[in-house]
Amino acid sequence: MNTGDEMLATATHPEPLIRAIDVAAPAARDEASTTTSSIKIDTEHVSIMYGEKVAVRDVSLQVQARSILALIGPSGSGKSTFLRCFNRMNDLIPGASVQGAVHLEGENVMDSDVSVVELRRRVGMVFQRPNPFPMSIFENVAYGPRRRGMKDRRKLEELVETSLKRAALWDEVKDDLRHKSGLALSGGQQQRLCIARVLATDPEVILMDEPASALDPVSTLRIEELMRELRQAYTIVIVTHNMQQAARVSDVTAFFTMAEDRAGYLVEVGPTGRIFTRPTEHLTEDYISGRFG
Amino acid sequence: MAQISTTNRAAGLRATPSLAERIDLPQRVVFAAAASMIFIVVLLLAFIAWQGVQLFVKDGVPIGQILSPTWQPDSTSPDRNFGLLPFIAGTVFVTAIALVISTPLSVGLALFLSEVAPHWARAIVQPALEIFVGIPSVVWGWLGITILVPFLSSTFHDDLVLSLPIVGDVFRVPGFLTGFSWLAGSLILSIMILPTITSVSFDAFRAVPQELRTGSLALGTTRWQTIRHLLIPSALTGVLTAVVLGMTRAAGEALAVQMVIGNSPSLPAAITQPVTTLTSQITLDMGNTVFGEPWQDALWTMSLVLLIISITSVVLVRLLNKRRMAS
Amino acid sequence: MTATASQAIGRPNGPKPSLRRGSSRGSILADRAATAVLWGTGVFVLLLLGSIIVHFALAAWGVVSPSFVLSDPSDSVLGGVLPVLWNSIYMLALTMLIAVPIGILGGIYMAEYAGDNALTSAIRFAEEAISSVPSIVVGLFGLILFVDEFHWGFTALGGALALTLFNLPLMTRLSEQALRAVPQEERTASLALGATKWQTIRHIIVPLAIPGLITGVILTAGRVFGEAAVLLFTSGIGTPPHYDFSNLDLTNPASPWSPFRPATTLSVYIYKLQSEGLGIYRNQIIDGAAAILISMVLIFNLGARFLGRVLTRRLTAA
């Protein structure tokens, strides 16, 4: 049975798709399961500068495949800037320069002959404020695949449906796909639409820059639920201000902070359970216990 | 210590307003200044409309006659006819081709300035556009006469023919005789309306929020794909507004057009042949006619047609803007 | 880990495409081509403008001289342009004298007093309507009203009034923009101190808006200076006589200072020469006149930018 049939079969259930295929138990979050997963992203001595100013200094960490890595830390510690390295969105900022290597499954994305367009398809991004396009819901989700050349009407429809299901939005919009504009949805729905849009490009990694901070608490919890489901097929890196969110959702947590010269750096990274109960660095402990940040 | 007091405390907060305050002269004066424009428009419409219908009301010319292709205003001629079709058609055709030439160029320039140009390039091109706007129409017309027209007649003197082996001549465009032509008019107009279409389109592109572009690029598209599939559809109403405004300017342009189109009062035969427009005929004939005679009344009717065209486009632009607000 | 879990939507089994290869090559090529074309439009516009300026500079090289500027058309075969140049300047001054106060006052109303009602919509509609009317139709309106109805004949005053009508929307809109650009805090601070609305406008808002207002004036002036179609039928298209500048009697139509006389301007003169002018030097005269016109436009335009920047700096730093 190929993937397509399987998807269609489980599509009749109102429950989210991925749970039916889940294998790894959620309780395994205390220990990072290095035995069965491989390293998806490996950053080596990454530093990012805006002109003369150092925004992020010398960060080396690894992201396991199919896990959720949370980047936490106070404002200005370079978390979002670091996140943008993975899909080279820093390229769009004039004056920004990146040193070091960022390996996506062994290939360094910083190499000059890398196709940035291809990279961004494989490493998708969801932003803090939902940014749906002024088009119908269908066109929003179909946007990425269309640009890659997908024209077949049936394939597009399947793809849109699957993506919306995976983003837990299908039931709410399935009757309005082509008539309702993406802008006519509520904030939480818009964010799930943006997630569906990213899923439609068939990525391996999903980056989320404070994906729930502009949403109400109920929508926030739904997004967190979604993240847990998506983790089973995708590698997720999220930036969050909300420590409780990081503790609830992630497998691995990395704590960033700002040095005296205002450059961000990585203080400590480790399994989420350990970071929040037995952090190694006192800076980490201070932040987590609320002494600063 | 006595308090510094400039008000009459006994008056309380409910002091009655002075005469000056009640009349509020400043507000009335500035209102009159702004509202004068309503007065001007009404006056303009009234006078032009009144003069424009004299041809039918006073001279007894049947309304349908203005759609005839025969323009013969001479009172001594037995075939006297006030057909305005050559002028209406001329205005339409010259404007249409001017839009066809100018729109891609202008929208491209607007995209360049909005999406592609680095800061220093924009700082050079924007003032250049403003200077473009300032060049008077007589100067454009003179450029047309001295450079464009001779160029057209010498370079493209021969007919442009497309012939196939068995079928023969499939397509023939006569060569420029003198260079004064429909195409010359459209070319000059297209440059004259370029700043208008460019700047309104530019505003429309700028109005699209940056986060949409970022979202599109993050999905793995190129900048051109983002422009073509996101930016232009999102800004479409604004670009259409720009085109309508350009069209209005082109249709209303008198002197520059009159200087290069050849002014032959017959229907346009080919793009390389002389043609006439409403504005150019008015410019040519008004000075040679007498107030009150039917010939001049016909010119006033032509002015009324021009006025109707421009008011229609204002309404069109407003409708487009309402659509944009709604989306 | 099942094979299906590792597969996302539509991804085939097997090695993943390298970041270097990929089906995006076609779109990347299209992107490069499009970028080149767009750059081309910018270069084209610059080249076009540059060549026009160079053309006129060269064409006018042997023609424009102090004697050209200061002599009459009849003084020599290569006649001068003094009277028509004078008329252009005169018409500009007269028009601005009428249009600027009305425009600024109108702008004050639109920026500070106008409510969100039908009347304001009507004013805006009128603004747009007048802007779209072809200049020649405005000239014809001036013909009916001033030349015929009022029996003035061709006069500078008639031309100035027609030009005012035509440019009032622009002046009003630019003034409105300049006033709206003043931050709201200034208004609230003044009103909180107990000043009236008009006092606030007069003493705080207008002074702060002066750089923008001046820019608006200069931009409108640039448009007025080159205008011909409106003046063709209101201030006339004859060849002006020799002007006696010592005649200061404003009511005397023979005096160049009087508004009650025909006033052919530089632009109208060019149009006249090209349509009916004869003489071996006709083209050169027109080239010279056109060069002067373009120079004035450049001066107005660059002057507006420069002055705007200088004034803003002085007023915000002070």
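Lettered A, B and C in written order, each chain numbered from 1.
Everything that follows uses one rule, which is that contacts are C-beta pairs under 8 Å (C-beta built on N, C-alpha and C of every residue); 3 or more make two chains touch, one makes a residue touch a chain.
None of these values were measured; they are calculated from a predicted model.
Engineer: List every chain that touches both subunit A and subunit B.
Structural biologist: Where subunit A and subunit B share a partner, that partner set is C.
Engineer: Determine, using the mean of C-alpha atoms as each chain's centre, which chain is farthest from subunit B.
Structural biologist: Between subunit B and the rest, the longest centre separation is with A.
Engineer: Taking contacts as defined above, which has more of them, B-C or A-C?
Structural biologist: B-C
Engineer: CA centre of subunit A versus CA centre of subunit C: separation in Å?
Structural biologist: Here subunit A and subunit C have centroids separated by 52 Å.
Engineer: Let me have the rounded angstrom distance from the C-alpha centre of subunit B over to the C-alpha centre of subunit C, please.
Structural biologist: Chain centroid spacing, subunit B to subunit C, equals 15 Å.
Engineer: Would you please write down the residue numbers of subunit B that are in contact with two or more other chains?
Structural biologist: Within subunit B, residues 220-222, 225 contact more than one other chain.
Engineer: Which subunit A residues reach two or more other chains?
Structural biologist: 117-119, 121-122, 147-148
Engineer: Do you know which subunit C residues sit against two or more other chains?
Structural biologist: Only 24, 27-28 qualify.
Engineer: Which positions of subunit B touch subunit A when the two form their complex?
Structural biologist: Counting only subunit B, the residues touching subunit A are 209, 211-212, 214-222, 225, 229-230, 233-234, 327.
Engineer: Using the touch definition up top, name the residues of subunit B that touch subunit C in the complex.
Structural biologist: On the subunit B side, the touching residues are 21, 24, 26-27, 29-31, 33-38, 40-41, 43-44, 47-48, 51, 105, 108-109, 111-113, 115-117, 121, 124-125, 127-132, 134-139, 141-143, 145-147, 191, 194, 220-225, 227-228, 245, 248, 251-255, 259, 279, 282-283, 286-287, 291, 300, 303, 306-307, 310-311, 313-314, 317-318.
Engineer: Which of the residues in subunit A come into contact with subunit C in the complex?
Structural biologist: 3-4, 6-7, 21-24, 36, 104-105, 107, 109, 111, 113-115, 117-119, 121-122, 147-149, 155, 159, 162-163, 166, 199-200, 202-204, 232-234
Engineer: Which of the residues in subunit C end up touching subunit A in this complex?
Structural biologist: 1-2, 4-11, 16-28
Engineer: Spell out the residues on subunit C that touch subunit B in their complex, using ranges where they run on.
Structural biologist: So the residues of subunit C touching subunit B come out as 24, 27-28, 30-31, 34-35, 37-42, 44-46, 48-49, 52, 55-56, 101-103, 105-110, 112-114, 119, 122-123, 125-130, 132-138, 140-141, 143-145, 148, 165, 168-169, 172, 196-198, 201-202, 222-223, 225-229, 232-233, 237, 267-268, 270-271, 274-275, 283, 286, 290, 293-294, 297-298, 300-302, 305.
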